[in-house]
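Each of the next two complexes has subunit A plus one more chain, namely subunit B in the first and subunit C in the second.
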Partner chain A sequence: MNLFRKELKSGLKPFLFWTLGLFVFIIAGILKSSAAMADGQFMTELINKFPRIVVVAMGMANIDISQFAGFYAVLMQYVFVLAAVYAAYLGSNAVSRESVDKTYEFLFTKPRSRSYILARKLLAALVYFTLYACLNLLFSVLAVRQLALDVDYLWLYLRFSVAMWAVGLVFFSIAAMFAASMRVSERGARAGNLTVLATYALAVVYDLFEKPGAIRLLTPFRYFLNTEVLDSVVQPLYLVLCVALAIAFLLIAFIRFEKRDLGAV
Partner chain B sequence: MGYAIETKKLTKYYGKARGIVDVDLAVEEGEIFGFIGPNGAGKSTTIRTLLGLIKKSGGFATIFGMDCEKDKVKILSEVGYLPGEVFYYDNMRAIDLLRYSASFYKKDCAKRIVELADALSLDLNKKIEDMSLGNKKKVGIVQGLLHSPRLIILDEPTSGLDPLMQRTFFELIQRENERGATVLFSSHILGEVQRICNRVAIIKEGRIVDLRSIGDLRKNSYKKVSFTSASPIESFSLAGAAQVAQDGVQTSFLYSGEINALLQALAGMPLVNADISEPELEEIFLHYYEDGETEQ
Partner chain C sequence: MNVFRFELRRTWVGVAVWTLVMTGLLAGLITGALPAFLESRAGVESMLANFPPAFAAAFGMQMDNLFSFGGLYSFGFLYFSIFGTIMASGLGLNLFSREKREKCMDFLLTKPRARGRLFSEKLLAALTLLVVSNALFIIESLALYRAYAPAPLLIGHALLAASSLLLTELLFLSIGAVIAVLARKIRSVSGLATAIGFAGFLLSALHSLLEEESLRYITPFQYYDTAKAFFNGAFEAKYALIGVALTLGLMAAAYARYTRVDIPAL
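So, the complex of A and B:
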């Protein structure tokens, strides 16, 4: 059994757990959409009565949820948060699992460089996150099929899934960087989760302003705006930015991991 | 013949906390080298620095002439390591873990795994999470030896092994040594180091305080002597006695020297009871500590 296969095997259970969460969330969410669409007028009026901050915090700013696409976009906003937390877990776990389980003395005294081992661990984790994004697409197709809509939204699901993967990739690499930089792995994992929380808060702040300007650059949750994705656009610039950020953060993770002391934490 | 392990002024600080300071070691190829010291003395820190698990703060360390940090991967293909506490992937069977371990080396280790498991009476099909500490240790021994390493590093290897298994373990290590393997044997138990080592380095508070051959150590080995006399003995003194403690009719000390001289001295006293035993390692270290103070 090689390292990559071993990592895939050990990541399977958490993956199934997260996948189940995604499945339930999407199925339940999409099935609810029929109710929202049936009472579209009422829902729109109701939302308009809410203070703007509440509408923004719920991710419904500038979205018409009486239409299926709008409802799906709001649902995806929450799925993005779920995906970001899973991605951060994967990144942090790939770096610090051996230290947490105290198996580092076994693995890191084998004739392989730390970078070799970390690369395979991160790659296995990335495989799971990519599968997670693919399953988002699949579950969306399956769930919407129950609604028997007239329009085929496959490209919409695909655009959101690609965007979700790209945003998750950033959190994955940030969490890996934190985990590699901090001696106590709990702190690394906490820093990863706090980043998700802080950037989500920034995303809400972004939605509050008419002209938020550069705030967009600070929060991956707004790299792919719902309004743009609904308009058939996944900004290539932000796709490139996500990949570039991921490469930069992972590079730092590798450098820090090579230099740090390994130990039980 | 070159050195299997050589360190010069090897130093490791954890922030401001002392790990090891100016550790000089020269382990010759083919020897069994003891590394002894109380808990927290720096044995594991030295070993982890040699294995590249932690980064040194100063000095240098080589294994088979290769730098422990730059040539780590090459070095590790020649090294077998058994840590003091073994932690493995619980959901694996012993055989799965050992095959996984073997997959990192460019040789077929299947036959060797079975041989070692047989010698240690290890059930290879048992899940690691269901194993006792002793059996987990056996898995550790097999994974450390399965690739027939040139250098075997053992860090407190006998903890968790029953006396019978300890004997088998020492036989295995001696066989490996006869095959040509160099062994670095770290322990806080003087007796087991004396049992198989050629030379021993004594580490205390991060520094090497002595380096001796086992023959030398035996010759100058300390005995712990305590006796009860019929009446208090005023200002007891004896050449070779250290750490003399007197409390009424009770006297105790560490003795280094001719055993006949000791017995003659004791025979001249009004003894009620006497006990001569092996001192605890801590007591020997107290002796080193006192010597250090005297020098200062």
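So, the complex of A and C:
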């Protein structure tokens, strides 16, 4: 438990920093939403009839900002990006922080297996990420209360928060896997971050096509589509896929981490 | 010029890969999507014919701008900016925190070279890489513009629009440099660079979503507006000036700090 507590302590400052970003984004987004929605209805009707590529080029893909729920979904698309970058940071940081700080000799000579240590580190990081998803829910509720809407969207926020958690979990475990597989910690971190960038680029490509097909499987950013989450068409398939991917990546991370040569670079 | 040569050798491969990816994406976007994009105009126009004439007229004003090379290019610019700014801020972070990360500050600073000179050589290396990378990007943009845009061509406008990526990257180079010099410890260059690049993107997205004018002052991706450059032939002076002032100010701050800071004993 010492290790777990220490990990929680050292993760607090970055967590607060990322929470600030989430807070500003959600509060500013929601409080200003009425202005954005004012001429939304007519535009949305019109734009939904346009060819897909035109809609994307106008920056209106997957957007139905005539209603609050649609606006919130768009905001969440961007919050997913924020969460993914944070999750990737958490994953690679949990694995390679001791190497970067050159304290690995101190920790890994303790009478505990590497897996034991890594499990505690990953768990502490996961606690923070889960908290992050909870805060997303909390901030949404608090900000929307200021708007005094007559419909209660609590389930909508919950669905999006769960989706955000699942998507983040995939990036978290991919980053952990890369960090555990590469000897040079900067390379591991770079691979994890590039995955976020590449899958996001793929998500934009996905938007460009009328019938994107299998691209969806390659980018976690499109596992939970706005329209599906809005209509509460639950996609248990993708939720299961997220968890399965996470388990697989984490398993590889543990196997590689047990065997690898620890170093200070 | 040893530091200059050293930094160049260490970083040119990364920048070359980024440049390759970005030029590839640009070529893919224009050759892949532009023809279909321009063709879809007819469909949109016939649809607009069913709307009240006043509305169609107001919307039609934007049609020429939207359905053009510049329209699609400006759309893509947002995404090139993510790539470019991650590269540029990463470069700033990497170069100016190298000795700090590798704990060899004393090695470099005890050499018979003033700190200002070391800083300048690092800066020169970063600038060289960014300028070469963007020269390729700009040449490609202009070539595609000549090949795909219908006459009349406004090469000057296109040149300005294409160079806004360089200007945005320079700003992020300064941001990276100032963070590298001020931070006590840099654990991961790529992590920070990704966070900075996506932060710029998210601010830009928030700005376009809310259409809140005051947000634009803190939205670096829109200091040098590509669409404005394409269609009006100039950036909006107010925001462009903020961008330039920030770039120079942050770099000056990084210089001042780098030349004065105490080096902790190891």
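In this section, the second predicted complex is superposed on the first by the 242 of 265 C-alpha atoms of A that agree within 3 Å, B and C clash if a C-alpha of one lies under 4 Å from a C-alpha of the other, contacts with A are read in each partner's own complex, and residues count from 1 in each chain.
Keep in mind that, in the parts below, a contact is a pair of C-beta atoms (placed from the backbone, for glycine too) under 8 Å apart; a residue touches a chain by one contact, two chains touch by 3 or more.
The model shown is predicted, which means the values in this text are computed figures rather than measured ones.
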Could you look at A:103 and tell me whether it touches subunit B, subunit C, both or neither (first, second, both, neither)?
-> first
Counting only touches as set out at the top, which of subunit B and subunit C does A:56 meet: first, second, both, neither?
-> second
A:238 contacts which: subunit B (first), subunit C (second), both, neither?
-> neither
Which chain, subunit B or subunit C, is in touch with more residues of subunit A?
-> C
Using the touch definition from the top, say if A:74 reaches subunit B (first), subunit C (second), both or neither.
-> second
Touching A:257, do we find subunit B (first), subunit C (second), both, or neither?
-> neither
Scan A:224 for contacts with subunit B and subunit C and give back first, second, both or neither.
-> neither
Is A:6 in contact with subunit B, with subunit C, with both, or with neither (first, second, both, neither)?
-> first
Common ground on subunit A, meaning residues reached by subunit C in one complex and by subunit B in the other | 101
What does subunit B use to touch subunit A in their complex?
-> 14, 51-55, 72-77, 79, 81, 83, 85-89, 91, 96, 99-101, 103-105, 143
Across the complex, what residues on subunit A touch subunit C?
-> 21, 25, 28-29, 32-33, 35-36, 46, 49-51, 53-54, 56-59, 74-75, 78, 81-82, 85, 88-89, 92-93, 97, 100-101, 185-186, 189-190, 193-194, 196-197, 200-201, 204, 208
Per the touch rule above, subunit C residues touching subunit A in the complex are 25, 33, 36-37, 40, 43-44, 47, 51, 66-67, 71-72, 75, 78-79, 82-83, 86, 187-191, 193-195, 198-199, 201-202, 205-206, 208-212, 215
Any idea which subunit A residues touch subunit B in the complex?
-> 1-2, 6, 10, 101-106, 108-113, 259-263
